[in-house]
Amino acid sequence: MATQPTQPDVSLFAFAVGLSRENKAGQTIDCFYPTPVRDPTPTLCEAVRDSFEPGVGSCAPERLLSFATRLGDMDPVGLPSGLVSATRAMLEADRPLRIVTLEADTDIKHTAEAYLKLHLLSHRLALPNTLNLKNIFAHLPNVAWTSKGAIDIGELDEALLHGRISGDHLEVTSIDKFPRMTNYVVPNGVRIADASRIRLGAYLGEGTTVMHEGFINFNAAALGPNMVEGRISQGVVLGAHSDLGGGSSTMGTLSGGGEITISIGSNCLIGANAGTGIPLGDRCTIEAGLYITAGTLVTLKDENAKTVKTIKARELAGGSDMLFIRNSQTGQIECRSNRKAIALNEQLHAHN
Amino acid sequence: MATQPTQPDVSLFAFAVGLSRENKAGQTIDCFYPTPVRDPTPTLCEAVRDSFEPGVGSCAPERLLSFATRLGDMDPVGLPSGLVSATRAMLEADRPLRIVTLEADTDIKHTAEAYLKLHLLSHRLALPNTLNLKNIFAHLPNVAWTSKGAIDIGELDEALLHGRISGDHLEVTSIDKFPRMTNYVVPNGVRIADASRIRLGAYLGEGTTVMHEGFINFNAAALGPNMVEGRISQGVVLGAHSDLGGGSSTMGTLSGGGEITISIGSNCLIGANAGTGIPLGDRCTIEAGLYITAGTLVTLKDENAKTVKTIKARELAGGSDMLFIRNSQTGQIECRSNRKAIALNEQLHAHN
Amino acid sequence: MATQPTQPDVSLFAFAVGLSRENKAGQTIDCFYPTPVRDPTPTLCEAVRDSFEPGVGSCAPERLLSFATRLGDMDPVGLPSGLVSATRAMLEADRPLRIVTLEADTDIKHTAEAYLKLHLLSHRLALPNTLNLKNIFAHLPNVAWTSKGAIDIGELDEALLHGRISGDHLEVTSIDKFPRMTNYVVPNGVRIADASRIRLGAYLGEGTTVMHEGFINFNAAALGPNMVEGRISQGVVLGAHSDLGGGSSTMGTLSGGGEITISIGSNCLIGANAGTGIPLGDRCTIEAGLYITAGTLVTLKDENAKTVKTIKARELAGGSDMLFIRNSQTGQIECRSNRKAIALNEQLHAHN
C-alpha cells in the first residue's frame, strides 16, 4: 500500500509585516503592524513560508514586493482586509521593514514579538488571558513617547536640549514600556475621550465608550458595548452592557488582586468611586463609593431581605444577580439579590 | 389714525463666522468660531441678515470682505471685541468659511450648529441647561483628534500608516464626538492643568482652577472662583467658592443620576474621593471618601447633635448648611447642620 | 601675629545656564536648564563669579563661550556631568540665554529663579520641603503650554486663530503656572505612563513607576522604588517600597490637609480609592476605599485584636505598623497592628 506523501505543516500562529523604529545602536524600540494576521489560511501560510524565515526578521524591499505581488494574485477571500495595500504602501517607507512569523504562541523572545501580541489584542484577534505573554516586560524597552515619535530613553536628554536650542518644541507624553493604543490601531465603533489612558494591547469591543476617567491596560478588555469611566486593570475583562462608573476600580493581578483574575460579566454596574477585588457574574451592582475586596465580610440577604449568612466576599466570586451596598444605618456591607434570582439564592443556600 | 409701519424683526439668537474642517467626502467634522455672538444688537442683526442667508452656510471671500468692511464702519460699541479683526483675518484661510445664523434656539440640525452652541457655552455666553441641545449627539460626528488636527474616523487608518511610512509622527489624542475646549477657546482667568479633561462646551467662570484630576463635561460649569479636582458631569453646575476634592464625583443625568439635575451651590466642599447624587445648596460639605446617592438613608442631626429623623438623601436635595459624614464609630451616615443654620433646621423640622 | 588674608567666600547655593522663552513684551514665560548645579565646588564657584553677575541675568554668546572654555580646561571631577557639553551646545540657540546664580536659598524674586528651584527638585538635587519656595506662585506666570511650546496667555487667541487659518494645528495641552516635568527633565530609572500628570518640581527617585492614574505635584516626591497609581499632593513625600493604589489620595497643605505635612514612610500600601490626611510611618496599610482624615475617630486594636482605646487619627500621626480598615460588620474604623509591632503597641499603650 502506497503511503500518502506527508502534507507539510503550513499552519502559523500569527504573521505581520510592519515598520519598526530603532535607537542609535540599532535596537528595536517599537513596531507598528497595520494588518497583523492570526491563524492565516493555508494558502497565505505557504506564501509567507516561501518568502520569509520563521521568527523575527527584516526584509529587502524587493522580497516584500514579490510577496505583495503574490498576495495580489491570490483569491482575496481569506486575505485580511487591507493586507495587500498596506504591504505595498510600506515599500515606500524610509525606515526598517519588519517581518514576524510566529509558528506557535511561544514565550516572547523579541521586542517585535511583544508588539505583535499587543497588536493582536487591540485588533480584536485575541482576547485577554488567551495569549502567552511570558517575558513581555523583559522584551519591551522603556521608551520616551514624544511628539516626534518613539525616542530611546538614553537619547532623550540630547533630544530635549536640541529641541530647545532649535526652537522646535519636543513634547514628551510618556516614559513607558507600553505606548498608547491609538497611535497603532483604532478599532471600529469605539469612542476614547483621552487616548493617553488606553495602552496598546487593550481590547475594545465595538460599542465601547471610554470616558476621560476610564482606563484600559494591556491584556484587558471591554467586550462592548460598555460605558467605561473606571479602570480596567491588566487581565480584567468587562462583559457586554456593563458599565464602570467614574473612578471605579478593578483589582489587577499585578497590583494587589493576587492570584484571582477579575472578570465582570454582562449587565453589571460598578458605581462611581467603587471597586471590586472579586470576579462578578452577570447583572451585579456595587453601589457608588463601596469597595469589595476578597477578604471583605459580607452579610448575605435573600430576596426577602432576610439574612442568610455572613461570608467572605471571595466565596461569592463569579455569582450573578448580586447587589452590594454598605447599609447606611448600620455600616454593614450587604449582598442583596437584586431581583428574584433563583440561581443565586440556590447557590447561597447551598453554602449553609 | 395712521398705522406705524411694521418694524422688521431684526433679532437673532446667535451668529458666528468660522472655519470648518471637512472629510474627503466634504462633510463637516468640526467648526471653529473665534468670536461667536449671542443676541446681536439690531444693527449687527441687520448687517448679518443683509449679508447671509439664515441657517448654516458657507461664504465666498468677497461677501465676507464686504461684511467685514460694513462692520468696520459701524460703531464699535455693541460689536463683540475682536469680531471685525477675526473676520478679516479669516479671509486668508485655506479652508472653508462657515457662516451660522440662528434665528432662534431650535433643535440642532447641523454639525455647525452643534459646534456653535458648544462655543456659546465655553465663551460664557450661555449657562449650562439654558440652551436647546436636542440632537447634539446625532449631529456631532465621532472624530479622531490628532496632532494634525481633526481627521475623519474612516480616514484614520490610512493617516496612521502614512505617518509611519513618512516618519512624520501622527499622535492620536482622542476618538470622540467632543474635542477638548482649549483648542477652540480659552476663557480669561482660568487654569487648566490637563486640557484633555475639559470638553468643548464646558463653562469655566473666571477664577476657576482645574487640577489634573478635575474634569468638566460639555454643558457643565464651574461658575468660578473654584478649585476643581473632581469631576463635573454633564448638566452639573458648581457655584462660586465651592471646591471639588481630588477624585470626587457628581452624578450626571447621562450616567446614573437619573432625572435629577445635580447642582452645587456656593461655598461647598466635596471631599476627596467623595461624591453626590443629590443637588446641594450653599455651604455644604461631604467628608472625604463618602458618596451620597439619592436613595441613601441619612440620619439628620440638628445643631445640638440631636437626631431629628432618618430620611432619604433626596429629601435633602438643595438644602444648605449641611455636613455629611459617615460616623466612624457606628457606620451611620449623618447629616449635621454645620453651623447655626436656622433656615436648614426649619426645613428639616417641617418634614416631621 | 600676622592675620591670615580673608578667604573670599566662593560658595554658591545654585547655578544654572539655560534657555528661556519670552512673550512679545519680553517677559520670561519659562526657563529650561539642562544641567543645573547645586552647591558648586569652590573652583566652579570661582569660574561662575568671574564670568557672571549674581542673580538672574542674560549673557552674550562670547562670554558664555569663554566660560565654557574655562570649564573645559578644568578637572572634570567636581563638574556635573554634561555641564560643559550642554553649555557649549546652547551657544547655537536662537533664543535668549539665561544665567542664574543664587548665592543663597532666598525668597523667589524672578521667574528664572522659580524655574531653577523646580529643576533642582526634579533633578533630585533637593528633596521636597527643603527649598525656600516663598513667592513661587507670584513669579510663575500662567502660560499656555502647546504643541509649539510655551505661549503667553495673552497671545493665545491670536495663535489659535492663525493656526486655524494656516491649517497648522495648534494643540493646547495645559493652561497652568507649572509645565509638565518631562519636557524639562526625565530622571533615570523611572516610568511615567501619562506625563501630563507630573509637574515640573516633582521628585521621582530611581525605580518609580507612575501609572496613568498617578499624579505627583511640584515639591512632592516618590523616593523610589514605588508604584504610584494615586495622587501625591504638594509637600507629600512617599517613602521607598511604598505603593499608592489606583485613585488613592494624600491630602496636601494647599487643599485641605491644613498645617500638617503628610508623609508616608517605607513599605506602606494605600489601597485603591483610599486616602490619608495624616502622616504615616513605615509598614502601614489603609484598605481599599477607606479615607482617614485627621479628625476621624479610630478604634485601636492591639496585636490580639483587643480594643485599646478610641482616639482621633491625628494622634496616630507618624506611627508605624498600622493597618486601617473599616469593619464591614460594624462600620467602625479600626487601626490594627498588622504584625507583632512592639514599638507601635508601646506607643499606643502609652496613650492610655
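A, B and C label the chains in the order they appear, each numbered from 1.
To be clear about the criterion, a contact is a pair of C-beta atoms (placed from the backbone, for glycine too) under 8 Å apart; a residue touches a chain by one contact, two chains touch by 3 or more.
Computed from a prediction, not measured in an experiment: that's the story for all the values here.
Seen as a C-alpha superposition, chain B sits on chain C after a turn of 120°, to the nearest 5.
For the pair chain A and chain C, the fraction of shared interface numbers is less than half, so the two copies use mostly different residues to meet. Each chain gets a centre from the mean of its Cα atoms; for chain A and chain C, those two points are 33 Å apart. Within chain A, contacts with two or more other chains are made by residues 147, 173, 196, 247, 273, 289-290, 326-327, 330-332. Residues 19, 32, 34, 82, 86, 89-90, 92-95, 146-149, 173, 180, 182-186, 190-196, 212-213, 227, 229, 243, 245-247, 269, 271-273, 287-290, 326-332 of chain A touch chain B in their complex.
Put simply, chain B touches chain A in their complex at residues 142, 144, 147, 153, 156-157, 160-162, 164-167, 169-178, 196-197, 199, 215, 231, 233, 247, 249, 251, 255-256, 273-275, 277, 289-291, 293, 296-299, 310, 326-327, 330-333.
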